[in-house]
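Structure record follows, encoded as structure tokens.
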Amino acid sequence: MSGYTFSAENLKEIDKLLKRYPSKEALTLPILWMVQNDLGYLSNIALREASKILDMPTSHFYSVASFYTMFKFKKSEKVFVELCKSLSCELNNSDELYEYLKTRDDIELVRVECLGSCGSSPMCAINGKYHENLNIKKLDTILGDKDAL
Amino acid sequence: MGIKTVQRPQKSLKHSLYISALYGGLKTTIKKFTQNISDIDSIPTINYPEQQPSDITSRYRGVHRLTKRADDTISCVACFMCATACPSKCIFIEATQRTDGVDEKMPRTFTIDMLECVFCGYCVEACPCDAIRMDSGIFTLIAKQREDFLYDKEKLLSIKGAFGNEVSNAK
Amino acid sequence: MVTIYVNNKPIICKDKELLIKVLKENDIFIPHFCYHESLGADGNCRMCLVEIEGSKRPQIACDTFVYDGLRVHTKSESILETNKDILELELLSHPVDCPTCDQAGECSLQNYYMEYGLYDSRVSVAKNKKDKALDLGSNIMLDQERCVLCMRCVRFCSDITKTDELVVMGRGNDSYITTTPFMRLSNPYAMNVIDLCPVGALTSKDFRFKQRVWFLDSTQSICHACSKNCSIFIDHNAQKNQNDHVHRFRPRVNTMVNGHFICDEGRLSYKKANETRKNDFIMKSRISTYESILKHTKKLLQSENAIALVSASLSVEQMLLVKELSEMYLFDVYYDYKEDEKFGDDFLKSSIKESNLYTAKLLDFKLVDKPYEESLISKSLILNFNSEFISKPRPIEMIEFLTHEGKFERSSSIFTYEYFHNDMGLLINSDGVISSYKKSSKVKSEKFTLLKILNDLLDESYTNESIYEKYKELFFKNIPYSKIMKQSQRLGL
Amino acid sequence: MLFKNVSARFEIENSNSIDVILEHNGYEMVKKLQEFTPEQIIQEVEKSGLRGKGGGGALAGAKWRLLEKAKGKKYIVINADESEPGTFKDRSIIEKDPHLLIEGIILTAYALNSNDAFIYIRGEYQEQAKILQKAIDEAYEKGFLGDETIHKYNIHLTLHRGAGAYICGEKSALLESLEGKRGHPRLKPHTPSPEYFFNNPTLVNNVETIATIPSIIKNGSSFYKNLGVEPSCGSMLFGVSGHVNKPGIYECEFGVSMLDYINTLGGGVKGESIKAVITGGVSTGVIPFEIVKDIKLTYEDLRKAGSSLGTGGMIVMNESTCMVKALKNILSFYHDESCGQCTPCREGTFWVDATLDKFLDGSATLEDIEILKSNSKIMNGKTVCVFAPSVSTVIDSFLKYFQDEFIAKIKVDV
């Protein structure tokens, strides 16, 4: 297994943040985000590296990361679709989108809780980017344009 | 503590002859004797062993047996409830890790000392898994030596129930 | 000091003390999972809700501090109802596999269930499935389905041992305890989580399926694995027609010595109690009787030039009698001890492996070194009191007093005596704290105690108490025997 | 009906760029910062009757006073962890006028003598975080933030991203999360005291609350106090979604009629009629049309109706809505989002969620209604935070007004 190193840019950012927060511990989430943005998931080696930087046990990182739904421990190559399942979206037929998305096998589909787009429901986030006021046709067009995702 | 002195009753001739007392004591015996002589078929005893009893029901507490589950594995999980409930402390269990994936635990040895057993049936009542039953219908225990009265796991498992419903109701 | 009222009964306690602590100290039933004296409160289990007059909602006793005039109710109808409902939720996804669970009999869930008389399950939804029978290392088995997520084990590993092997992963109802990925439980105190776990989630692999706990008798004793002298319970029983068997050691709370914990090595040293000598009395390599070997010893003591070697693990009383014997027959007493730097730490493990070194020094026994080797030349009799340090003696007479199989049985006469688990006595640890270990009244002694043998050699009839009383002024700061029997006492260094 | 205070610059093109905003009175109050004393700002906020817009509706001034009196280094934390279904108002401020928020933060920090502020934004708001980060960078560049500022008050502002946990919107859980831990709410203090961030006294305020500060300082407390109906003073970004024709965020004074708001600004109900409205995010109760028609949007009115104003995000449901399904949706949200710390919440949310499944697949019995009720009881007031009590409120309100629908789903033994 090869190692993991934080990029110079990230290390600079860490240094900057260390001055802002009263304690190192607070950098847990920023560092986890750095790793996930970099690799697409949280690798064990990266977490060990992170634990060295913050001088904290690795157990802390696993426990914290598993609490938050957005952190992933496995890499996915597929397009990541998070379909909102909360009430406003459901009232505006998100179930229909769900039935449609279930049939597509080129995506990794997760039904997530409210993403804060109740005013423009139904919606989903594709690779983190919001797509709102959806219908099947619109969704099909968006997913069809692989380069834009 | 004080002592209370009671006067013996005075004996009369009638009393010292004992005839009326003898009659009183033998009244029932004599009555039954004459009855049985006159109608030999109504005697409630049977000629055992030529004749076998016909009135053993499923509730009769016969020799114990260990039941099996639907998948033919032992039901007992070695929880020791029977041994705990046993008033004569005649159930000896050693538990071990179960490896067939059915449950976590099972008895490595399970022995009942039939010579000490009082056939109270508490073990059956205590069992949470319907693993031990006394529905074998066996009421005679015969062996040539003491050791043979120690019924081990294999022997207890091999005894069949006499009233159907072979499989344990364990969950 | 303030007065509070619990269920309308006054209790006097320290101001600002934690309410749950006060309740527990006064033996008032208060259900709880997450609070533990050694770990403090976490406030997550919500079992210890009590009614406090003047507050609208029930409050958790583990986050309430007492003040003068506080009025608490633990038995009011609404609180009983609340406790019952929360217990029902704790049991919601519990597999209820008590028949196969080693915790059965000492399980908080069972106890509270009985207390709150919750008889029929209302649950008709599928239970939450998690992993079972996971081996976490260090003799610990985890069953995630039985876990109530009280976090005691996680807090133990982060706060007490600071090794952080255990974590809680996931969120909400899917949370579960596990070891950090790529890590196993491996700290020398890990098995304490078994005692900390209030339910059957963490159980001992060593004790797994060996015995149901309600068959066990607990004896208050002291661990003999090092000179820390941690207070323990010896859990043992004798099955019908069988000899007594020790099944486990458990820590016994003693704030002066070990707090709530013991180390794993000490905990597993129970095995030594089951490995004691079989043959009782041996004279010149043959099985003999007590009387003849006693007579033989007395004769030798009178005629030969003797020297004695004692194990620094003998109890205070045993050493005192050895001292008496040495004064009667005018011989020197030596002791030796083993120091294991790797074993010791700054928590509960002492690098000195002998449990009563303090007393050996106190009674002016001599340390085995050169003079001992030299003086051996002129001696013709060695008395060995259970010491492992005896070197190969010249072919001279040796009389041994042993608990376990010795090294030189063929060349000596042996008295076998009871190991500490079936005996009573006093020990002084490396910090100068004197504690007592007791003898189970349920076990019939098979062997003689060393005290009895020494008494017979001395033609005396000392009891544990009388021999201590005789010397207490001289050596033990006049601390009354009864006080030590009750609680450990500090002698000071 | 529409009243533009916080949302005044929302319509301007590129309103999130500092150059545009500076042409429209941006940072007006910050430039004049040294004309005020901190005490003056606190007093203005106190007098204005400003209430926290995060859902609780407690007086902001009182919270500020607690922090002001506390000793030690002080921190300001802005709660932008807006995750409640039905609520999307903070998002509009962040997207459309982030500089208003920054201006508010500078004023707040100055008033409370704090030099470090954090914005805790929910992880899912990735685009919004970028907009906000850009705005912060611009503000640093223009000298509004940093060590040497044009207003002579040092302040650092850091954006901190959450990672997907609704519970982190609870202020003590938010601070735990900010400290780099699992977002478990803390045990509540026994006396009124500020929150603590690594043992430093800290103010946690909602985005909208802080974004309101500049207008209060600019126009004076009496301006704000006279808006709305006492004691619900001022205006609020109300949101409407669900079965309406024009869902969105519209700022109004407190006290407008809920029905008017839905019909006028929300464009009226999709479908025939309003069946029920969830009043302020799913943590508040549901009220049927009969009550909706008489409700004014104030904290007090909604409390009287057995619900609460919450975050002001209304979800409108029309006659076709199945209330059992709606409750199932909400309860499964709670089941997913419970942090798992306290037993009643961890197990209770699981149980009610699973019980609702029984209603939907037709296997429910009368006892299941009892289970919903008893769980609602045990979740109310027995936990560390108000997450579980919210679940109770929701279950109770659904059963109070729509129990018939639940009973109709119960399996009938033939």
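Brief remarks follow.
To keep things simple, chains are lettered A, B, C and D as they appear, and every chain counts its residues starting from 1.
The rule is short, and it goes like this: contacts are C-beta pairs under 8 Å (C-beta built on N, C-alpha and C of every residue); 3 or more make two chains touch, one makes a residue touch a chain.
What you see is a predicted model; the values in this text were computed from it and never measured.
Looking at which two chains touch through the most C-beta pairs, you get A-D. Between chain A and chain C, the centres computed from C-alpha atoms are 50 Å apart. Per-chain CA centroids place chain B at a distance of 73 Å from chain D.
Between chain A and chain D, the centres computed from C-alpha atoms are 23 Å apart. Mean C-alpha position of chain A lies 69 Å from that of chain B. Shown for chain D are the residues in touch with two or more other chains, namely 165, 182, 336-337, 339.
Within chain C, the positions touching two or more other chains are listed as 168, 170-171.
Contacts with at least two other chains are made by no residue of chain B.
Here the touching chains pair up as A-C, A-D, B-C, C-D.
Remark: chain C residues 164-171, 180-183 touch chain A in the complex. The residues of chain A lying in touch with chain C in their complex are 44, 57-60, 62-63, 66-69.
Of all residues in chain B, only 77-81, 84, 89, 92, 95-97, 103-105, 128-129 touch chain C in the complex they form. Chain D contributes residues 165, 182, 187, 190, 335-344, 346-351, 354-355, 357-358, 365, 367-368, 371, 374, 377-378, 381-384 to its touches with chain C in the complex. The touching residues of chain D, when paired with chain A in their complex, are 73, 75, 82-88, 91, 116, 122-127, 156, 158, 160-166, 177-183, 197-198, 200, 239-243, 247-249, 278, 282, 313, 315, 317, 321, 325-326, 329-330, 332-333, 336-337, 339.
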